[in-house]
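Order of writing sets the labels: A, B, C and D. Residues in every chain begin at 1.
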Amino acid sequence: MDFTWTPEQQDYRQHLRAFIARALPADWEAKSNYDPGSPYVVDFARDFCPALAAEGLLIPHWPVEHGGGGADPWFHWILGEEMFAVGEPRSYQYMNVNWIGPALLRYGSAAQQALHIPQITGGSVFWCQGFSEPSAGSDLAALKTRAERDGDGYVINGQKIWTSAASFASYCFLLARTGPTKRDISVFLVPMDTPGIEVREVMSLTGRRSLHEVFLTDVRVGEETRLGEENAGWAIVKAVLHNERIGAPRYIMAQRALDAAARVLRQDGRFDVPSIQAGLGKARAAVDACQLLCFRIIDGRMKNVSPGGETNVARYALALADRAVGDFIGEHLHDALLAREEQTILTQFRRAASTGLGAGAAEIQLDIVAQSFLELPRSH
Amino acid sequence: MDLDLSSDQRMLLSAIEPLLAQHRQLPQPAAPDYVVVGGDLDAALDAAGFYGDADGFDLERADAALLLDQIAQCPFAVPAMASLTVAPALGIALPRPIALAESLDPRVPIRFLAQSRTLLVAQGEQVLALDLEGAEIVPQDTIFAYPFARLASYPADALRPLAGVNAQQLRDGWALGLTFEILGALRAAHALTVDYVKQRHQFKRAIGAFQAVQHRLAEGATHIEALHYLAHRAAIGGDSAEIALATSYAQQHVPQIVYDCHQFHGAMGLTLEYVLHHWTYKLKALAGELGGASVQGRRAAQLQWSEAA
Amino acid sequence: MDFTWTPEQQDYRQHLRAFIARALPADWEAKSNYDPGSPYVVDFARDFCPALAAEGLLIPHWPVEHGGGGADPWFHWILGEEMFAVGEPRSYQYMNVNWIGPALLRYGSAAQQALHIPQITGGSVFWCQGFSEPSAGSDLAALKTRAERDGDGYVINGQKIWTSAASFASYCFLLARTGPTKRDISVFLVPMDTPGIEVREVMSLTGRRSLHEVFLTDVRVGEETRLGEENAGWAIVKAVLHNERIGAPRYIMAQRALDAAARVLRQDGRFDVPSIQAGLGKARAAVDACQLLCFRIIDGRMKNVSPGGETNVARYALALADRAVGDFIGEHLHDALLAREEQTILTQFRRAASTGLGAGAAEIQLDIVAQSFLELPRSH
Amino acid sequence: MDLDLSSDQRMLLSAIEPLLAQHRQLPQPAAPDYVVVGGDLDAALDAAGFYGDADGFDLERADAALLLDQIAQCPFAVPAMASLTVAPALGIALPRPIALAESLDPRVPIRFLAQSRTLLVAQGEQVLALDLEGAEIVPQDTIFAYPFARLASYPADALRPLAGVNAQQLRDGWALGLTFEILGALRAAHALTVDYVKQRHQFKRAIGAFQAVQHRLAEGATHIEALHYLAHRAAIGGDSAEIALATSYAQQHVPQIVYDCHQFHGAMGLTLEYVLHHWTYKLKALAGELGGASVQGRRAAQLQWSEAA
């Protein structure tokens, strides 16, 4: 085993940090509130991502022929850590880099790649993800949105919900039913300005424009918007979800929050209270546990090991880490929460409230860990 | 021993029911707000004499606490607590609503400060009363479902120590009231969640039919049932130790129950339009008040196993 | 509400305490190890229970016509608290008082009562409970032991397991299948010296003679040993289990262990450590929670409210309380556990390991709470 | 970064496998004992040179730790830890087996004292070595699955301070070894339980098919997986902070996992004939060693966020 970074990885991280230090304004924390859907951050990202791309830092791990750096998955992971640590100044473009771009590279036609890849690698486009529906959350088999064949295209009707970034995204990575059986699902790359799409922001505890309803009424799209074969969406989604589940190193915010907490507690003269120190140590252990379990997944990517239940173990560990830190903050940093002066602490506390909800509920991770990792019989 | 509500208490619940029935739900369509202050409900309670005016009710501490539990089951933020479990214990009539603080530190946000006419401060052994008439109050935006504000300044002559009352009386009344506010909000959030999982289907069956969901809701129910009795034991002539024990228990179990309520609600629970967060984001605030579960637990232990014991 | 004891109840408790103080030898704790199945305690109980009976303290809550004191259920509960607090010097005779005797009074024939009640009220007899089987733990519907009609009696074959006190009990309250459907169960009051019964002690972490295997091979019993009608056992057991589930106020040992812990910690100079105090307080809250939830059940008995899911809530709270105290001891009283000088602390730590196993596993309590108390749909 | 075992480590596992294979199970029929000391296994490990004699293996710390994990998966109590992760760190050859203590207090029972030839004591900054040849040792009956004994007396000249070594080195090696002993025992107890719930049926299906059981075993598996990496990070050149963090994590999660293992085993797990308790009652002992999870967590926090940082 080896838990150290190579000199190249360290250089890359330093390079990133230096870039971030130059690129983010001094009042970034106060203005952004670390809220990736806020108008401020989204606007900022429209300049920041192209600059990141110009510096060669946006897609280090993509193939060289698509404008990437050809670097290994660790560089991608380091990028995520550094970005998430400052509240994700790429806003929702992180999804492009993590899984939308890679899905297009793997399943997209030449024309689709020609249209979308330059926009993504240029850092100028936002996507949203049209998976969840009012009656299908973690259960994609219950999907109701339908794409009916119509001439040489499709007509899509249905409703998506909880869609992040929908009100400012240019495209949607949309799932729709294209056949009679529950697995007959296809993926469509739908421009959000297509007639018949209506978007309503759902005000949320998790930040601005993190949740929307998307209504699709007789939305006409050409066949060229379908990604892969008709009814092949299930396989695409499965691959995508494995990337998405631990796509962002969210634990890094918990780690930064603990650093901030230790600083605040020291200022307040409470750092030396034994129970507070013990709580800090235990919370840190939960965060490091999550980090190392994520590292294992990246290590597996390095070695082309196909991902199994380990991904779900890591995903569940994130919920545990977020809660450990969130609960510590709730109990010991009540005044700091009220005062709102420490954005890292506040952001982590807010995030902890919804950890284990996105990307497949925590309970579903446990089901999968039990059944695929421990090989217990199906429970229902 | 008698673990049922008394007939007086059941009468009190009947008396308050018509009033509360009008405030069990947010107005529809709900404004997506973090904080909805229940000013109407507070005024109605006041008008009906529940805060103990000359010609109103003269509630026992346990009855006042019971009322708080009921009020906390409404989604609104109502500045009732200090009037119900603190002021009566001090035996002095003060302009209400009343806010409570552990210090006059201008940096510390105080719950309901901007809605109050009096601030009571537990400072060392003393209780200070501040007339908020001429005070400068700065609203503080927080993530919690209560209104908070800071006390920027106040006229020097507006502050006076209350003679003959001990800060411990204030802290006990505060801890007790806080406990019942937690109890009521936990009940409401948990009941809403039980109801939700009966309706909502995933993988072709009600979420509430999944055993893992059932066990966590059943554990939450056990804590809420337990808290009901711990809180009432504290309210009915319980001493400081029993109060601290109940407060500690209440605060300790907030994080898991709140987490579960949100977890089983999915994204729905995160939306401002939906009522859940009005309880859970009150609970998150209450769980940290007066130092939180460990401070209260510590206090209970000190009193329970004092040197003399 | 009223959380105070009446003067009569207080007097009764004082009377009990005074009796216990006289009756238990000075080295009781060391010799008994608070282990109700140890030869020392069982022998002791053979003198102690008759003395308790002579003092009118054994069955305060039984009807006067059966030798009881005619007192209300609170007196029974106080008796249990005081007995359990000193490691149950009645040994397993507590079962007679709590549920075996009451079941005989309710369902027994005149002859059965004439035979058994005087032995029980005299404090001279031990019973064991033949419910669990190798393939039927919490699931009584899976019972395999059969009682076949044979002339005017029955022949019983089968095996019981985990049976407490079997190696020294005189009678067994035995469940056996007497018909084809899963509810066709009858109760037999079987003398343990009946030919064909073989008992093997299973050495256990929970103390001496707390677990046995009981093998029944062609055990012939007369019809007069059957309690109630044939195939009416299910109803009897259901009533019995409601009494048994919170039959013993086991939380009292947790409460005493915390008192002892506070004393040891003070001696060691660690009582003032904030985290230790906080842990003590939280553990105490869990114990008091359990106590009050049990009180509610007794209050319900007082008011003739038929027991519902509240019993399971109380039972589950016991598991939580035992664990809270056990975990506290494990973390903060490691040296005291090693030194074995504090029997209360040690006993509680040992008990905590098996809490939530007896009288229906903790998970089953949660199932029942969910389904009967919260009215959630059946999970399977 | 490379999170797989190294090829050297995999070779080490292969080398030890035939030896361990003979000690994975208790002799049958099992004597119903609380403690079964694995003297044979210890002697075999010693003879095979795993404790680092002149002509034995010279194990890196991480490899020695890996070995401990494997040994701890056997049900026996084996006095291997101090020889594997403590003595090598001190760089001094001492007669083994070696026991460890935080003081010479004659009242405190010491793990493996009666089985050892040397006692190492971390006293303040110093490390003391005691030759146990002439010491008076009193076995202490405990409820744990390790042998404990007290040091009643010893010849004055049998005790000497070790020059050039710091007590911190001893404590780090001890905490690290303890962490791997916990890891191995957790793995074994959890795996046994997973296996048991697949076989055992209740209510007409495998206990392991109940979702509530699955979720708790899955959570336990998550902690064991996490501990594997935290422990190895600490072992491979980790500093005192990383060691304390891993130890804290290990000790913190013992109670829930042990509880679940027993809970899902039912009464079977309480019987002395069955193997489970040999792991769980080791774990209960290990969870309290060196102060327990809070003391270790506190230490990790102090080192992580020291004033300088």
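Going forward, a contact is a pair of C-beta atoms (placed from the backbone, for glycine too) under 8 Å apart; a residue touches a chain by one contact, two chains touch by 3 or more.
None of these values were measured; they are calculated from a predicted model.
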Mutual neighbours - chains that touch chain B and chain D alike: A, C
Result of counting contacting C-beta pairs for A-B and B-C, higher pair: B-C
Chain A and chain D: spacing of chain centres that average the CA atoms, whole Å: 39
Between chain B and chain A, distance of the C-alpha-averaged centres to the nearest whole Å: 37
Whole-Å gap separating chain A and chain C, where each centre is the average of the chain's CA atoms: 53
Interface hub residues of chain C, defined as touching at least two other chains: 274-275, 278, 363, 366, 379-380
Of all residues in chain B, the ones touching two or more other chains: 205, 210-212, 214-215, 293-294
Touch-based graph of the chains, sorted into line, ring, star, complete or other: complete
Partner chain A, residues of chain C touching it in the complex: 273-275, 278, 380
Footprint of chain B on chain C - complex, ascending: 1-5, 74, 259, 262-263, 266, 271, 274-275, 277-282, 284-286, 288-290, 292-293, 295-296, 298-299, 303, 310, 313, 316-317, 320, 363, 365-367, 369-371, 373-380
Contact set on chain B toward chain C in their complex: 1-6, 9, 62, 194, 197-198, 205-206, 208-211, 214-215, 217-219, 221-223, 225-227, 229-230, 232-233, 236, 238, 244-246, 248-249, 252, 293-302, 304-305, 307
Touch list for chain D against partner chain C, complex: 32, 107-109, 140-144, 148, 201-205, 210-213, 255, 258-259, 262-263, 266-267, 270-273, 277, 280-281, 284, 287-289, 292-294
Chain D partner contacts - residues on chain C that touch it in the complex: 132, 135, 137-139, 141-142, 161-162, 202-206, 211, 275, 323, 326-327, 330-332, 334-335, 337-340, 346, 349-350, 353-354, 356-357, 361-363, 366, 379-380
